[in-house]
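Pasting the structures in now, so scroll down.
Next come two complexes built around chain A: one with chain B, the other with chain C.
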Partner chain A sequence: MTSIITPEAPSASTAMSASMLASVDVDPKFMKIAHDIDSLLNQLSPSKAVVAPPETQVLEQQLFDALAAVKILTSQVAMHLDRELRQKFFQQLDSLHDVQEWEPGDEPIREASFATFLKAILSINPARRPGLGLSNTGNLVAAWTTGRDRLTIEFQPNDRVRWVLARYRDTDEPARFAGQTHVFDLGEGLAPHHPEHWFSHEERSDEPSQ
Partner chain B sequence: MPVDIGDVKGHPVSEQPYQQPPITEAVIEIRFSEPMPTADLAKVSDTFKSTYPHEQIVTDVSVQLYFRHDTQNTAQAKAIEKRGHRRSSPDQTELVLLWPAIFVVSQLAPYPGWDVFFARFQRDWNTWKRAVSYKNISRIGVRYINRIDIPVEGRPVTHEEEFLNVYVHMPDELQPLAAWAVQGQLRLPDMGCKLTLNSSVVPSPLLGHVAFVLDQDIAKDDRPPQNDAEIYKLLNQIRDKKNSVFESCITDKARRLFKP
Partner chain C sequence: MKSAVTNLPNDDHVMRHVSWTRLRKDEDDNILGFLPDAFQRNENHTSLSVNWLEYFEGDRQNQIQGSVRMFRKTITVRPKSAFGIGNVAKIKEVCRSNGANVRIVYEPEENNPSHSGIRRLPRDDFSLLEALAADAFVELVHNTAIPLDESGE
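Here is the complex of A and B:
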């Protein structure tokens, strides 16, 4: 008899195949081999334990699971993220997923969208925190407003971003620009439009970002 | 007493050598000889509600294959599913994981330092003991997962040996490596423990960076201590050892990334 443990076994360190073997009559040599193999398995850590699918789809749990996933994802880069900024983002995310305000049919935040957001924020490192929203497919949307000028970025899965900006010059008609790029190229895509206009405090008018 | 010095990002930390420690997860795990019934586990989970308000049910599915040489029907498969309770702080950085035969306390980044983490473990261990009658401990382990993010800065290749002392050595004609992973296990006779060390290339969550993981698991499964004083003593010994293991596995160039 042998025992195979899936690599997704969630305990923090060695798996339990040896203990399973102990429940049946097995040659001690096999027990030793199983124990040695177990101890070499690279286990999932507690933060990556597989969440069981809910028996009934309760909205509150669905929203909590989505929030938990993106907060755990944030912990992966927390050493590079300002503590206050992290807390503010969490407050915004909690607010976006308020059960009382939730519209039926909306999708909670997608983890893959949030991963793209984290990459962008840590790369751009804007001095001003954006307002956050969700698309109806669960993509995170960040918006910066300076006066009437507005920059909106939708963070999509697979490191894709879509941005739209509206900037007023001397007329009442804004100049509008849009782009869709890999998150790595976001800075380059925005550069001709002087993104510091939205990202830095120096450019800020008396109308705060959301 | 923890010394709250605060790091460059404003995280409260107890005294530790780095302002930006690369620890993504720290884990203390106590494993028991006998599992507890599912209903009892749910009750134990409830006792943690005040400190960890959120709960998720987690699952662990494994498969046993039986091959018997004395019958025609040689193979049988049996799926085994275990369910556990993961409780968490609102910001998800503090976790406690309760399996039928395993008690786990985990700290995600930002890492507050050993003193803070250890104090939390002691608090939660006391909660666990109050809720559960004596159980024989079969294993005590501490695991630290570090991810070292290295800015690429225009380099076509990042040489791991500039940052790590644990890596795969390959002949010059087989360079550069797109990915690698190494695992080593050694006994720590002075503590009666075993160290399992994993290191590998992983995707960095940061743009323009490459990342290496340094994952160490130090555990005692041969006559682990059964009383608190000895358990705490062992955990503090493991703490010192994991620090020295980590320092021996990295170079000064890596240390500079963590802002000593």
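Here is the complex of A and C:
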């Protein structure tokens, strides 16, 4: 049996995000991109047009649908993202959703979380890509690691981000800072902590575990 | 079999299974450690599930093998997943310095007699979970590093 689902109505908080833009001091060009992302988020994507009931929907289809949704979203703002960067992100997302590695209880990426991620990447424009992971609820988590120093950002729906960073100066006791902000305030929130320490290639000195 | 205890000894260690999606990676998917989310307990659980490493006999390597194989028998363990090991006293210290007074207790289950739990762990404290990931669970074991036993586990 196949059921037809209707597009989800824009949530109050999603609708609010566009109006919130006006109150935040950001580049008008970037506001336009962010607005486009919000608009796309509220449209019915082809992958969502016909969905089998949950009881018959196989895992592979769920993962495919989740990936298709975020790739379509990315393609709509492709002109603002370097082609190679886009392909690398897609590879990381494919790897995250590898069906051979998928464990019971894991949640595929949420489209609304990825929309926040896109806005953040376009806004802070880091030279170095982050490693990617997923929260228990399917929010995208980005991790930059420089030596022992760590910056971790969780991208939540409705343009919210929360971040935590740890810097080990001369001792084993790190200085740890955390914040929770609107995505457009992320750069300002990180600024006192010199985020270039994580975002630039020059600072990188981490080694993969053996 | 060792007798059941309530609190695990401070000198002992616990092991946590971490799925591929909760591993900290670099931009090329090289594994560097754990994300904070690796230590977030399930919403409907009162404690964070771990295995008590010293439950298993033998030297350190035997204990690690025993614990990993116990995980393979009781939960789904995928090839690229990993395991974090933390010292009991260190976990409690890290939690305490982040405002949480946790207990790490032996909670044997029928199919997993090494099962233990970290209780009173706040579920959504991102800083605390990050501190656990960075400073408490400091040893990482790749699933692929532990060979299968005779039964294929």
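As a working rule, the second predicted complex is superposed on the first by the 150 of 210 C-alpha atoms of A that agree within 3 Å, B and C clash if a C-alpha of one lies under 4 Å from a C-alpha of the other, contacts with A are read in each partner's own complex, and residues count from 1 in each chain.
Here, contacts are C-beta pairs under 8 Å (C-beta built on N, C-alpha and C of every residue); 3 or more make two chains touch, one makes a residue touch a chain.
The structure displayed is predicted, hence computed values, not measured ones.
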Worksheet item: So, does A:Ala112 touch the first partner chain B, the second partner chain C, both, or neither?
Response: neither
Practice prompt. May I ask you to decide whether A:Ser123 touches chain B, chain C, both, or neither, giving the answer as first, second, both or neither?
Written response: first
Discussion item. One more residue to check, A:Ile37. First (chain B), second (chain C), both or neither?
Written reply: neither
Item to complete: Look at A:Thr152 in the shared chain and tell me whether it touches chain B only, chain C only, both, or neither; answer first, second, both or neither.
Response: second
Item to complete: Look at A:Leu81 in the shared chain and tell me whether it touches chain B only, chain C only, both, or neither; answer first, second, both or neither.
Response: first
Item to complete: Would you sort A:Ala178 into first (chain B), second (chain C), both or neither based on which partner it touches?
Response: second
Response to the item:
Between chain B and chain C, the one with more contact residues on chain A is chain B
Worksheet item: Tell me, which parts of chain C touch chain A in their complex?
Response: 19-27, 29-33, 35-37, 40, 42, 76, 78-81, 126-127, 130-131, 134-135, 140, 142
Worksheet, complete the sentence: The answer for chain A against chain B in the complex is residues 1-6, 8-17, 19-20, 39-40, 42, 45-47, 49-52, 54, 64-65, 68, 71-84, 87, 90, 115, 118-120, 122-123, 183-184
Discussion item. Which residues of chain B touch chain A once you look at their complex with the stated criterion?
Written reply: 9-11, 20-25, 27, 29, 31, 54, 56-68, 80, 83-84, 86, 88, 90-93, 95, 97, 99, 101-102, 104, 106, 108-111, 139, 141, 143, 145, 147, 149, 183, 185, 194, 196, 198, 205-208, 215, 217, 219, 221
Worksheet entry | Contacting residues of chain A [partner chain C, same complex] | 88, 92, 95-96, 98, 100-106, 128-136, 141, 143, 145, 148, 150, 152, 154, 162, 164, 166, 174, 176, 178, 206, 208-209
